[in-house]
Each structure stands twice: as structure tokens, then as C-alpha cells.
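Chain lettering (A, B, C and D) follows the sequence in which the chains are written, and residue indices restart at 1 in each chain.
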Amino acid sequence: MKIHEYQARSLFESAGIPVARAGIAQTPSEARAVAEKLGVPVAVKAQVHVGGRGKAGGVKLANTPSEVETAAREILGMKIKGSTVRTVLVMEKVDIAQELYLGMVFDRDHRGYTVIASSAGGIDIEEVSAKTPEKIHRVFVHPVQGFSPHQAREVAFRLGVPKKASLEIARTLVLLHRVFVQTDATLAEINPYVVRPDETTVAIDAKMNFDDNALFRQKSVESMRDTGEEEPLEVEAKNADLAYVHLGGDIGIIGNGAGLVMTTLDVVTAAGGKPANFLDIGGSSSPEKVRRAMEIVLKEPGLRVIFINVFGGITRCDDVANGLVQVFKKMNVPSPIVIRMTGTNVDQGMKILNDSGLNLKTFPTMQAAAKEAARLAKP
Amino acid sequence: MSILVDSRTRLIVQGITGRDGSFHARQMIDYGTNVVAGVTPGKGGTRVDGLDVPVFDTVREAVEAAQANASVIYVPASASADAILESADAGVQLVICITEGIPVNDMLRVHHLLAGGNITIVGPNCPGVISPGKCKVGIMPGFIHKPGRVGVVSRSGTLTYEIVYALTQAGIGQSTCVGVGGDPVIGSKFTDLLPKFEADPDTDAVVLVGEIGGADEEEAAAWYTRSPRRIRIVAFIAGVSAPPGKRMGHAGAIISGGKGTAKDKIETLMNHGIPVASDTSQIPDLVKKVPG
Amino acid sequence: MKIHEYQARSLFESAGIPVARAGIAQTPSEARAVAEKLGVPVAVKAQVHVGGRGKAGGVKLANTPSEVETAAREILGMKIKGSTVRTVLVMEKVDIAQELYLGMVFDRDHRGYTVIASSAGGIDIEEVSAKTPEKIHRVFVHPVQGFSPHQAREVAFRLGVPKKASLEIARTLVLLHRVFVQTDATLAEINPYVVRPDETTVAIDAKMNFDDNALFRQKSVESMRDTGEEEPLEVEAKNADLAYVHLGGDIGIIGNGAGLVMTTLDVVTAAGGKPANFLDIGGSSSPEKVRRAMEIVLKEPGLRVIFINVFGGITRCDDVANGLVQVFKKMNVPSPIVIRMTGTNVDQGMKILNDSGLNLKTFPTMQAAAKEAARLAKP
Amino acid sequence: MSILVDSRTRLIVQGITGRDGSFHARQMIDYGTNVVAGVTPGKGGTRVDGLDVPVFDTVREAVEAAQANASVIYVPASASADAILESADAGVQLVICITEGIPVNDMLRVHHLLAGGNITIVGPNCPGVISPGKCKVGIMPGFIHKPGRVGVVSRSGTLTYEIVYALTQAGIGQSTCVGVGGDPVIGSKFTDLLPKFEADPDTDAVVLVGEIGGADEEEAAAWYTRSPRRIRIVAFIAGVSAPPGKRMGHAGAIISGGKGTAKDKIETLMNHGIPVASDTSQIPDLVKKVPG
């Protein structure tokens, strides 16, 4: 799960990390009021989950309260990579001696976490990693043993900043680790983290992602979810306990099991088709889940065909087929449906589908079904 | 022979009084698995309808009363890490965790607390382990399997069934099939299991079913050429067409920072002499043809 | 550091442990008001740090609001083992099916913690340990690895209570561990922890002690300190950064270094004297610390002699002697002073003291000095 | 010979820019200790008045620049546990922590994080370690010591000085004197150090100075009779007249639950054939008389 900059900033602030003074606004006049309280100049920053807001014009400097109002008017309502800006963060302008990157991520390869600090801040860390890897300093954090202040200091003293700033950075890293672990985060980033001319330091940006599986015990994190920032169909799928990813093609895909659905996408793509989505109804294939899945896929814009791929395991194919027929009889499905079914009682299942009188095409192999789906999707 | 589970497996079912636990306990017993006890805290001394299996409050009691040596976990995600640790503390040597949705931090703790110990963990978020004809531990449909000399290791569930069923229909039986799980932090990786197959005289070849995300397939490829190997490996990778940055169902199936693409994995496997099927339907033929 | 029952109860409550409903009162009418809010019958419990309040009449049951007022009037102001009762806790009467003991302690021998649960609650755990050790169940808690719910369940299911109660007890033990670690406690006890007839559970008593060395990072714990419950001289010593223990005899003892002072007590006792106190001014022997130490010792009731035992190490005995002379010239010390000094420049130091014209007796050995102190203390 | 520290000791002073750190660095150098570097985070590259010792921000830099193999800690109690871990992470083999007042939880963490590793920790809340004539690490006055063949291990500071001084004045020199510290959780206990003295051919006897609280003296007694020992031991226990339940200065000097009394310790030591002086003044004679 992602949250907005202003929400991550407030988590950092509660943890004791120094953050630039700021306030949020939903209207230009609110933005002006925040700026008047903070004092100008300020930066007005679009709050969206997607990256690249700077290049899209979503961050503006303003030197007077009326400039703040103008900037906020321009940014609020702006569309950035499909996200509509509904909130801006108005932030004091900070004097900058040096920009750094501080971060912590879940480290899958080492089964732990990595704390990352870079003397090149304000730009994409992956870019730094590719071009000037010597500017990035990493330390592994053991999930049980934790992160000690001396580990933070060792990284901080390598950044080539004044000693006073290094000690502040070490403290910030320790606090960043604490808030990361306490909130079941998977990523926390401050980019840039700024050293001021007087050698004090402050966080200018703030980013956090969280482990969806841990939200059951992170109620205050979960309450920061902004579903307005998420794909509406992904939200609907999540509520129905389905795994869904929008892909943009014209062949709707439904299957049971993540690996099987991924493979279905691959086969459809290999056959020249363009999957509209990934949709996994889970290891089973209950009629209710199929119905919810169909409702979601039918909302895909430009949908031409639906391809259902089911492996009958402990649930038998004839039961699955009866469920499908039941669902389709109640629903109005304008697109043709291609069904591939295999596993337990596949022959009986295929017969039930073929005899249903519904507009369903059945195939015993993924490859054949995919070819047919791709053919039907051709305009 | 086989790996991990066989006729000597004496299994505990953690969460046996739940819906999934009781259903699959029944299925496993019907397959012939020796389910010796169940555990649900607070339900010790009760019975599950239709099951002739004693239920205990703690794994330690179950192990002591029934000399169990393996455990399968069907408890809610919030309690699963603790259930694994409980089995480990009670001396169980093999824990197979079916549960999906366990927080990453919990599995990191489990991994590091038990690292260096004598225990094998399979999963979580996996279908389980089956040695056809001997012992089934998990949720896979038993009938699609057939005893034989090919091992299967897979990060997926139904995709594995699909591949196993294809093998069976082509007359190729399996020694043991292991679902390693679809999470980013799992107990046994390919590289933990391949040496067990290598040491099993009744396994000739292994089908490795990978997917996008992580580097487990690359590690497996490196393992394969590190020394001369007796077993042959055939691979399949799901997610060739998956976009970067999107979690494809499994928590572990995500291309992040440009790493973990299917293309890279397939290339690495082929470079290490492991044939990769471009289609699941090719797998049985590849297994037959692969040089011994 | 110790805190009151009502304070420990509130820490437990914040941690999520079920506690009996209660409120505190400083006057009989406040007690009545609390009881009227809770509903009678209630128990009125003296809040003192010392144990044994029950036997001393510091806990009374009351069936009506006016009985509550009477009970509170009797208990408030009562002296229990030297502590004056200033606060009472008015607590709902809980129906009891079974009384248990739950606790957690710092375990010095195993360098960790031990969680303890006993099916014999409401009585002293040491008594249970001596008479019916089979009723006590212990589990070691690793300081880095932590305490897992299954460890708590394993203890809870051994107590022979209904299953539902066992699960609640396991939950309470996990929460007890959490609050223990978070507050740098050295002991946490709930005695009794009660199983009600309906198989729910609740904490009736609450006790916590804390690590003095960790108070610098436990400000909210430190704010619970009730110096009214501590020896006034111990409080004064603590404020002066001196280690002091009141012992009750008539020979005041001052020395530098805990082991040396302990040995001084032993030598004085062996010589037939009765030490009034333990007072360690630390490894050094600065004039300022000696002055503060003297001020404290002079407040000991029934003081007859003062015995100062100093080892001159890096600080030389002549410097120490000059410091002592300086202090004593400014102070009015009615009691005779026996000084034993050894170490660097002892001869010069002894000469300075002997030539000072002050009422000081100097000795080169502890034994000789102790004998003289014991002789002088004889009435 | 000697144990723990000698002329090969290359010492770092953690907290060298502080009042105690700089004072005792001077004292140690004057005694002849090879102080090769100091560490104070944020003061790297500076100098301490009157000391010709380079100062670094981290222990790792100090170890790399000066090939240090030991460290002594004079940092505030709140930062001491981290200072120990920092030295351990940088590969220092011996850490002597002088600081008093470290939280128990911090030392428990340190103990368990470093358990099983290659490091020796002495203290905290101790005067340090001295091998007379060779190397002094800590805060003890150097001149009271004299090179010789008697080891000293003690939970106390000035009481140790008193006893060592008595030995020296009686003509009995010391191989190494170790203050183990007055806290309930310490790095090296008597039973960690006695085997080192047993293995040191230049130590004939050890004076063990104990006090109330804990069971370290009892463990030492048990160690002594577990196998035949070359070294002889003479003991002294402080706190015979101490009341139960009161902390006598040291955090570790407390009789709790009736356990850890001086009487019990003296009895146990004597039962294991270790003579116990009833008075510090008897110790030199006991050391001379004790059977070899």
C-alpha cells in the first residue's frame, strides 16, 4: 500500500525526524492561509502516488501569498499520469548546502532490510545506482537483531558532510528504521534529505510503502489509504478478495491460481492477443467469485473477448461448469467467452458448457483457447 | 524413495478444527497420509466431526502423545508465524505452511530465529508437498499425481497441478512434488530442495516451475553448474508478458527495479544448460528428451 | 524504582490487560464518589510500596457507600511498616472462581527474563515456591528473540483452568511481556489474576519495579516516582548522586567504593559496632561529596560516631586529607570522627589530619579504626 | 605472562575526548599502555590536548588505521551498549567497559547478540584490567600494583585496590588483576576468567573478591572442583553484614529472595576447598600459606 507524501511526512515527524515545516490544502485559499502561517517563499507540491510530478508541473515555488494561491489553483485538479491532484502540500523553502538520499527497503535477497544513504540526493536512486554507485552506501539490517546507532553512524560519516550533519543523519536513520519496523513498511525514503548551510538537517520529501499483508495490525496506516489514487477496478477486486491487475488490452482474463493466470497471459500474448487484465479468483472456483470477477472484467474499456482458464482440482470440472452456467444465465455478457478447462471430470464439465445453449466456446488446451480468443479479438 | 514426506511421516495438522484444516485433514487421510494429531489452542480434547484424530491445545502435547515428526499449518495469517515457531520449539523437523497472506516481517523473524537449526520449512502460501502413492501434505488434488522418478518444485499452485497432470497423462510419474510458495520470503528455496532430489536415488529429473520476481531461479541455475549433477532439470517460467512493478497475484511475483524478469530468468537457466519450456504442454516431451 | 498498585494497574490497562474497574481517592468523600460510580460492593485498598498491607488492615471490603467512606477514613493516614497511606484504590468486587499468579522478572542467572504463572494465586509466590513448587510454571524469555504467543499458551494451558480462561491468560502474558520490556521493568506481577465463574479473567492486583539505570529513557515511568514512599535520606542521597542505605545502628559510615564500604560495615559489625548506614561517595573523594555525605549521615537518628574509610588511589591521600579538613572546619560535627586512610601518600595525609586540630582520630587499618568506632559508640 | 592485556595490546579509547576518557588515556599512556587511537563520533580528525593519539569518528576507522585489538569504553551509560557492539562489529577482540549505570536490558541485548562470538567483554561498571609492568586498561591507580604470579578477579573497585595494595606491600606481585564489574549482567564472570589464569603458566594463585548477590562465586567454586586445577584460589566476600533486599551501592550487590548471601557464598567456597579470608588483612598471608 502507498500513501501520500504529507502522510509519510507526518509519520516521520511523529517518529522524531526533523521535517520541513508544511501544511496541506485542498483549495487555493487554504493554500494561501498555510503559506501565510509558514511565511513565504514556499513550495506548493501536488500530492499524488505516482512519480514524476516535478516534470509534470506538479511542484511550484511561490514567493508571495497570491503566488501561492495561483500555484495551488494551477496544481489542484491537474492530472498527473492519470491521477487527479486533490491535495497540495505547502512547504517552507529550505536553504540547501547539500542534498542527500536516505532510505530503507525490504531486502528480499538477503531476507532482511537494507538501509541506504547516498550523497547524491534529489534525483532517482536507481539512476545514481547506475551512474555513480560509489555515492551509495548500504548497510544490512538483521530483522531480529535490529539496527544499532553505530551502524547508522558508520553510514552517515561516509557521506562527506559536516560532522554535525553526520550525527543528525545517523539519528534520522535510527528513527527511520524504528518507524519502518513499527508500521510494517516495505519502503521508506527521504529524497532529498537536506543539509542546511548551518549544518543542521531536514527532510524535504517523504515516501513510504507498506506490506498489504500486515495491514490487519496497522489500522492507523490503513486509515491513510486513498482509494482515489488506486485503479477503481483494483479497489473493487480487493474488496471482493480477488487479485486483479489492469493491463490495457482487449482480452479479459480470468483464472484460478496466480501462476496459471500469469501463464494464461503469456499464452494469449504468444498467440498475438492483448490481455486486458490479470484476474485470479484463487485456488477454488466458486460461482460467487466467478460472478464478481465477471463484473469487474466487464468494466474493462474496449473489452472484446473473455477467456476463462480453470484447473479443476479438488473441486470437479462438472461442478465448476454448473456454477459457470448458473452465473452466465443471470448475467448479460455482451462479449464472446472462451473457456478452457482441465482436471477432474473435464469431459463432463465440457459437455455441460457446450450443452448450455450459452455463447461459450470450450477448448481442452490453453494454446487452442488462446488462439481462438486472439482471433475473436481481431477487429 | 522420495524427499521430505513418505510413509514414515507422522503428521500434525495445526488448525485442524477450522474449515480448511478439517476439510484437508480428511482429504489427506483419504490419500493415505498418516495424520496422527491435530492442534487448535483451546480445543484440546475435542473431536472434529468425522475425523478419528486426537486434538491438542499445543504442538508439544501433540508431539509427545503421537510422536509426530511433521506439521502442516492451516491457521489464519496473523497466527501462522507463531504456529511455525511453536512446531519448531516442539521439535518438529518438517513444517509445511499452506497459509497465504503472512506479513513479510513475520516470516523474516521466523527465518532468522530458526536459521541454522535442524528444521525444514516449506511455504508459506503454497499447496504443500506430495510423494505420490505415499503421503500427501497440503491442498493439492491427489489423483492428478502418479508415482515415478521426476521431482517437481514450483512457486505456484494450480499451475503446478496443470504441469503435474500433463506429466501424469504422458505417463511420467513423480517422486515428490513441492510447492515452495508464492511469497517473497519462503522457508525452502529451490536451492534448498534440489540437493535433496540430487541425493534421492529414485529421482532422475526435476521440473522447476518458476515465475517473475526474486532470484531463486538464477540461484538454482548457479547451483546446477557448481558441481557435476546426477539429476537433470527442465524449467518453466511464468510471467513472460507480465509488466514491471505490478504484483501478479503472488506477493513474490513482482518485477522490481527491472530485476526478476522472466526473460532474464529464462536466459540464465538456458546459459546453465537447463532447457526451458516455452509452453507448459512441451514439458512432458522435454522431460523425456532431456539428456541424462 | 517502585510504583504504586494503581500506577501499575494503569500501565497494565494501557497495555490491554483486563483489569478490575477501580478509581483512586485521597479523601473519604472521594472514595465514596468512586464507589458510587463503580457500584458497591467494593474493596478499599491502601496504596503503599511496602508489602503486607492486608495483615496490617490496609484492605477493607465495603458494601455500601457509607461503609466505603468509613473504610477510607480508617485506611487513609494509617501507617504501614513506616509508610503513611495517602491514597486508596477503590475497586469493584470481582466474583472469583480461581486465583492465579502471573508475573515476569529479570532473570540474572540466565541473563534474560522469566515468565512465571502459578495456579496458586493470592498468596506470596516465594511461599508457593517453597511449599508447592509443582504449582509454578516458568518459561525463559530470550532478550533478543522475544516471547512468542505459543510460549505463553504453553504456560497458560498448564494452569488447570477452563480453556477460555487459558487463552485469555496467554494473551495477558504476551501483553505483560510487552509492557515489561517497553518500560525497562525488572519485575511485573499480577497477584491475584482471577478467573471468574464465567471463565473470563481479570487482574486484581498490580505490581511493577523498574531498572533505575534506565529511567533516563523512561520519563513517564520516572514521573510516577513517589518520594514520599522512600527513605528521606535515600532521596537526598540520590539527589546528591551518592549511594546510601539506612541500616539503623549508631555508627555512621562513609567510604569511597561500594565494595570497600560493604567491607567497612562488615569490619564494624565484627568489632561489635552497629552501622547506622551504608554511604558510598564513589571511586573519588571530592570535598563536595564528603560534605554532602556528612550532611546526610548527621541526620541519622541516634548517631554516636562517624567512621570514614578512604582508599587513596589516583587521588592522593594528602589531597583527600586537605579536602576533609576544609569540609570539617566549615561544619559543626557533634559526633566524634574516626578516619582510616590508606593508599597514595598515606603518611602525609594522616599527618595533615592529625595536625588539623579537629576532633579526628586516624588509623592506618580498617580493623583498628572499626574497634575504636565501636568503642566510642558504647553508651 | 598474564591474561587479557600485555605489551601486545593495541588499545582504542572510546570516549577519548570526554573528561574521564582523556584523563585516563593520559594515565594509561604514562603507565606504558600502547594507546593507538581514540574514538568520539563527530570528533574524528581532532586532537585531545596533551595527547599524541589520533581521534576517529568510528571504531572501524580506528581499527583499520591503527591495527587496534582492544578497546576501553568511557562513554555515557546511554551510549555504552552501542559502543560495545560497535567495537565487536569492527573486529575488536577485547572490550573493557568502565561505564557505570548501563540499563540491564542493554547489557542483556549485548550479551545475547555477541554470545558465541570471538570477543571477550570485561565490565561494565568495573575498574578495568591491569597486567602490572606491562599494560593498564581502566581507571585503577597503577603504582599499587607490582608484577608477580598472583591473579586477582574482583566485583569491586576500591576494595580491589585495597587488597592489591596489601599484596604488593607484603611483597606479593600480580600477573593480572581483573575488575569484573558490580552490575548484575557482566561480560566476563569469574568462571570465564579462571580458566584463562589456569592456562597462564605465570599465574600460581588467584585472589577472588566477591560480594553479595548473584551466584558467580558459587559457579566459580563449582568450576574449581570440576577437574584438578593447577592454580590455587583464595577468596574474600564483602557484605557479610548486609541486610536482604537492599542494593549496596553496586546494582548487582543485592540479596534477593534470600539468595546471594555472603554466608552462603563463604560456605560454598570453603566446601569446595577454597579458603576464605574473614578480613582483607589476612589475604596476603592466606595467599602465601595456601597449599600448592
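Please note the rule applied: contacts are C-beta pairs under 8 Å (C-beta built on N, C-alpha and C of every residue); 3 or more make two chains touch, one makes a residue touch a chain.
Only a predicted model underlies this, so the values are computations on that prediction, with no experimental measurement involved.
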Chain D and chain C - chains in contact with each: A
Chain pair with the higher count of C-beta pairs in contact (B-C, A-B): A-B
Distance between the centres, which are taken as Cα means, of chain B and chain A, whole angstrom: 28
Geometric centre distance via CA averages, chain D-chain B, whole Å: 52
Gap in Å, rounded to a whole number, between the CA centres of chain C and chain B: 55
Residues of chain D whose C-beta touches two or more other chains: 113
Multi-chain contact sites of chain C, meaning residues that touch two or more partners: 144-145
Chain-level touch network, classified as line, ring, star, complete or other: other
Chains touching one another, given as label pairs in label order: A-B, A-C, A-D, B-C, C-D
Complex contact set, residues of chain B against chain A: 27, 77-78, 101-106, 108-109, 111-113, 127, 139-141, 143-144, 154-162, 165, 182, 184-185, 209, 211-212, 214-215, 238-243, 246-253, 257-258, 262, 278-281
Chain D - residues contacting chain A, complex: 41-44, 57-61, 79, 82-83, 85-86, 89, 113
Chain C residues within the chain A interface of the complex: 144-145
Residue numbers on chain C that touch chain B, as the complex places them: 145, 148-151, 153-154, 157, 163-164, 166-167, 170
Touch list for chain C against partner chain D, complex: 106, 108-109, 111-112, 126, 142-145, 181, 184, 186, 211-214, 216-217, 243, 245, 247, 255-263, 265-270, 275, 278, 280, 283, 311, 313-314, 342-344, 365-367
